[in-house]
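Note that chain A is present in both complexes that follow, paired respectively with chain B and with chain C.
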Partner chain A sequence: MSVTVASPRQGRPVQGRPVQGRPRQGRPVQGWLYAAPTAVFVTALFVVPLLLVLVMSGSRWPLLSGNQGWNFPANYTKAVGNRFFLDSVAFTLTYTALATALLIGLGLGLALLVQESTRWKGLLRTAFLVPNALGLASASLLFYVLYSPFAGPFAAITEQLGFTFLGTPDAALWSTLFLIVWRYAGFYMLLMLVGLQSVPFDVFEAARIDGATRWQTFRHVTLPLLRPTLALTTVLCVTGSLLAFEQFYILTKGGPDNSTISVVQLVYTVAFQGQNDLGVAAALSVLVLLALVVVNAVQLRAFHRTDVDAGTS
Partner chain B sequence: MRNASRGSILRTLTAAAAVVLLGLATACGSGAAPSAPDPAAVGPNGLDDGTTLTLWTRAPLEKQAKLLVEAYNAAHTNKVELTVVPNDDYVAKVGAAAGAGSLPDLFAADIVYVPSWVRQGLFQDISASIDRLPFKTSINKGHMAAGTFENRAHVLPFVLDLSMLFWNKDLFREAGLDPEKAPATLAEYAAAAKAVQALGKPDTYGTATGLNCGGCLVFTWFPSIWAAGAPVISPDGGTSLLDSPAATEVYQVWRDLWAAGAVLPSSRDEAGPTWTAGFTEGKVGLMFYPATLLSSTQGFDVGVAGIPGPDGGRSTFVGGDGIGISKDSTKAAQAWNFLDWLLSEQAQVEVLGKNRDVVSRSDLAGNRYAAQDPRLVAINEVASGGETPVATNFQQAFNATNSPWLTLVRNAVLDGGADLPKDNAEITAVLSQQ
Partner chain C sequence: MTTRADTALVAAPVGSGRRRGSITLAGVVLRTPYWVFTGALAVIFLFPLVWTALAAVSPQPGTSQTEGWGFGNFRALGGYQAGIWQYLANSAFVSVLTVLLTLAISLLGGYAFARFSFPCKDLLFLVTLAILMVPYATLLIPLYVLLSRVGLHNSLVGVALVLTMFQLPFSTFMMRISFEAVPRELDEAAMVDGCSSFTALWRVLVPAVKPGLITVGLFAFLAAWNDFMAPLILINDSSRMTLPLAVANLRGQVQGVVDYGATEAGVVVLALPCIVLFLLLQRHYVRGFMSGAIKG
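Moving on to the complex of A and B:
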């Protein structure tokens, strides 16, 4: 928030725009006025809910009877002591690792494919992007029906093979990953394409003149120059996967046998399905938020450092 | 100066945030029940003065709720506005409204959640008004007990839903079974399921259930245990008794049925949405099925009986929804007018009975619509002998998607070496939470 507020004021002298004829003391007020809309939105939609969650996480707050007073830190010990807490953390991390590897790998692969192919470029790009037009919840519902052993189109085949899409823990995880890849691969391809197109063509040309093979070009030219894009996409993908909810809520409901409970789903279950304890749910949310801040900071720092190293070497 | 102004504005923003927050907190904290102890005090039927009342219910009872509300609106100057909420979102919606002090005048709740909701003060005390009803003692006892806390009644039955043994007489005939005779024990039930399965008809199975649906399993398997005379939870609702010999026998029968391939395969992962579909389409020989769906079994002949135990006996789960006046309603006298009408002969017989639904009053069990259909008489008779389990943490222990009850059943039926005492202790741990 402070960045938004500070920039117009600090920006002006640097740009060297004349400021005479304007009362000096008017400028801070004007700056605040410029910043006010953003500040109001950030306050109302981010700061206030965040503070509310923090208060909630420190209070006894059953869903049906509201705030019952301060209760710190019991909610946090209850949250960590929940019988699904460790399982859900482990599952979320597994899911995040798999989803990130698949999406970044496929996104890059598809982008290279689309970039190389000249004739089918438009068609390919459209084909990969179309699933993005569907909301994640709608896509999950679509796959719920596709996977259904009762109403789905593959019901007869899966019955003959004696297998169900969501019946075992592994099958449920991979079926959900397939949905996510189907839904998001196009989006990550698009981000990668933008990154690829920002790499100047003469660099590739120079590599080719130096006699680099395709693999060498990819490994030593494309990848290093794509680093900002890769940083952006991994941060997006890791954050999104750690917060996974809709797909599991709709497809598996945490089953079979509680094997696919993601952390956010645990938050939802604690809040609305059974325990009905908003205090513990808020405590879990705060823990997730802290974890996300740490993960993102580490990620950004890692990418930044390699950037500097690459520059000096 | 720059720092000072930024600081002061930040302070203002923080103060504003704090004010908003306090507002929210106090709004959420106002849980005191308004003082309206006897809505019928203004007159035995409450008030019918053209007030608009709001009523919430969950989607599975939409059909009955719509019929009741239409009939009430047609005969009264009060108007009831009905809101139907998807089943899975109902608790969240009621919770949010309860916190914000904006519950509707009347709302229905799954009867197994009623004890907890009454305890948390979501419903107004209507004992005094109920005491004036001349037919008080014939109102369904399971529902009344669920809505009673510290000897004060808060809830009346809205729609009763019973679990019953339904069998497809056409498939019974084909399999050489007596289509007019209901299986009297769980063993006979299993034998009949295997006989239908042995027909080898494509897409046709002996029986079906929802093995990933805690609510379905509570609804359909508890009665078998009750029929054997065994309780499922202690009277105070704090201890699970689901490792009793009777319960073990029930799991054993189902494990045997599953191993024999006589259960619809999709039952294994069935989480609830389509658990009755197989029978409704005529592709399942017999199953424990909700009585509210009697009118939706079309195109084949259906028999109905109470749910048998391992060695005979019959019982049922008296489920469905209870209804009460919310803590936030300022129109209790008008809302009572609806409740009073709901339990009248007019509503029970001419609306619910006519739609082949179960009536909430045992003195109306033999009404003229029931008399036309012996199956309805059977359902109404079993209703008065059925049970409704009462426990504050029922939802978390049994209905939730990650409930320990679901773990117990899946371990006992699908996996071999189940540790029943351990799984049962897990249910007790959840039930006994304060």
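Moving on to the complex of A and C:
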């Protein structure tokens, strides 16, 4: 399947390994000079912090007084023992499952709706994509007002029905999910469109000639051929949802009754609000990192296995 | 294949609608449910934006715009703490610095990865992409400690450096494939004519990879302008807050009474540049996602 490799490199006369005698290939010093800024940034702002967070997770490290020495397993036991730890993990997993199912389903649905190029569909695409230009923080603020029982456009209706958007744990979860769908559905639509465009038209043509119904074509032609795209979007969506922060920090503020605290929000709270314990926060975030690596490895392996019978290289 | 998808996706808003030339009555009737349905969807997506823009200037009790339409909410926003101009300036500074740094680093880096071979090249590229795999919070906590150690605590420059780092996986990848799409003969001819590798880059290649640069710059701007978590953690001083942080903090100011009007105005100020840029550069925006998708 060429979705994953349809880079502009293909079809260029110079693709692949450089031929001997190319003027600059033998000048590693110059190459390093051009790559040096990248190397400096990646080292100073990524590799070093990554090592430091490991050290911090094994040290007593209050926010204000800095490193107070090694205390290896203590931070981890404290992190796991935090009274919101299990709740936040459970909540984050629920949220991730729901957000991923909604975004992948709706993204694919929208993509199928606007697949062909007409002026109207172009306008639709733009309409679906515009929310994506907003930052997640701006979008959360926008919905904070929109959901408000005082200033929102639905204030009168919700008051009559005795319902608030953020009042109960379930309502808060679904209201946040709506915000996320509004903000991201266009993004996933776009990724699905890219995947759909790379499926050769002849395949659909062949299915039509063979008398396949729309549903059969979708189920047995489109979906299998979209598998690489579905894999990519699922990995993206799961990763993004597991790390959710802004929508809960701004929109629900973790409430009501601490029912919508995500894991990353817990990390922030432990580090900067109240406990001010960077060591425990570092331990928590190392756990998040490990969980993310495991989740992504499992996903990639699962999708890779199914890729093989779809004929992907 | 990329080009086909690219043009098909992008050309759509501006034409090629002529194919459905023969509009018959039956066709219209059959397609009406489709139009109603998709139109309703579009309304759902546009409604929050339109409502906020209108609510910000419309009269509402409990806000700074109680009678008649006007910009009272924006004036209230202007008078909040250090003033909106300060926050706008902070956000603009962070965004511009992030864009410039991202462009410079990924231009040079992309050139290096596409055209040179040097030791540890693949390792460096992989480590750069690995930034994507690491949660934001996992990096921001040690960065908070590191930046205060080098005197960049509470500094907008520090925020811009961090945001640039978070942009590097996408921008380096994007610039690498942009350079690889340019035929090698182009810069080789320039070198034969006596250009140094840097002059070849600046005079010959930069014009050729300009679309890639626009995409990278646009993404860096949107990310930096909208970022919330990095300034939240790295900035304490309320006069150095960026706009998203200031608007988010503004809600809880007056003893739990939220000034919804000023919040609406803040959202408008936050969203407007992004939406304008998005509509102007939609083509480049779409291409950015495509290259992301291509990566797999």
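Operating definition for what follows: the second predicted complex is superposed on the first by the 267 of 313 C-alpha atoms of A that agree within 3 Å, B and C clash if a C-alpha of one lies under 4 Å from a C-alpha of the other, contacts with A are read in each partner's own complex, and residues count from 1 in each chain.
The criterion applied here is as follows: a residue touches a chain if its C-beta (ideal position, glycine included) is under 8 Å from a C-beta of that chain, and two chains touch if they have at least 3 such contacts.
Predicted, not measured: the structure shown is a model, and the values here were computed from it.
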{"item": "Contacts of A:V194 with chain B and chain C, given as first, second, both or neither", "value": "second"}
{"item": "Contacts of A:G167 with chain B and chain C, given as first, second, both or neither", "value": "first"}
{"item": "Partner with the higher number of touched chain A residues, chain C or chain B", "value": "C"}
{"item": "Touched partner set for A:A151, first chain B, second chain C, both or neither", "value": "both"}
{"item": "Which superposed partner A:V47 touches (first chain B, second chain C, both, neither)", "value": "both"}
{"item": "Touching partner for A:W32 - first (chain B), second (chain C), both, neither", "value": "both"}
{"item": "Chain B versus chain C as contact partner of A:E159, first or second or both or neither", "value": "first"}
{"item": "Which superposed partner A:L141 touches (first chain B, second chain C, both, neither)", "value": "second"}
{"item": "Chain B versus chain C as contact partner of A:F272, first or second or both or neither", "value": "both"}
{"item": "Intersection of chain A interface sets (partners chain B, chain C)", "value": "2, 5, 9, 28, 32, 39, 47-48, 52, 61, 66, 148, 150-151, 271-272"}
{"item": "Contact set on chain C toward chain A in their complex", "value": "1-5, 8-9, 11-17, 19-20, 35, 38, 41-42, 44-46, 48-49, 51-52, 55, 60, 62-63, 104-106, 108-109, 111-113, 115-119, 121, 124, 127-128, 130-131, 133-139, 141-146, 161-162, 164-165, 168, 172, 177-178, 180-181, 183-185, 188, 191-192, 197, 222, 225-229, 232-233, 244, 247-248, 251, 258, 260-261, 263-264, 266-267, 270-271, 274-275, 277-279, 282, 285-286, 289-290, 292-296"}
{"item": "Complex contact set, residues of chain A against chain C", "value": "2-10, 12-14, 18, 22-25, 27-39, 41-42, 45-50, 52-53, 56, 61, 66, 110, 113-114, 117-138, 141-146, 148, 150-151, 153, 182, 185-187, 190-191, 193-195, 197-198, 228-229, 231-232, 243, 245-246, 249-250, 264, 267-268, 271-272, 278, 281-282, 285-286, 288-289, 292-293, 296"}
{"item": "Touching residues (chain side chain B, partner chain A) in the complex", "value": "1-2, 5-6, 9, 13, 16-18, 20-21, 24-25, 28-31, 91-92, 94-95, 98-99, 116-117, 120-122, 212, 265-266, 268-271, 274, 277-278, 393, 395-397, 399-403, 407, 410"}
{"item": "Footprint of chain B on chain A - complex, ascending", "value": "2, 5, 9, 28, 32, 39, 43-44, 47-48, 51-52, 55, 61-68, 84, 148-151, 159, 164, 166-167, 253-258, 261, 269, 271-276"}
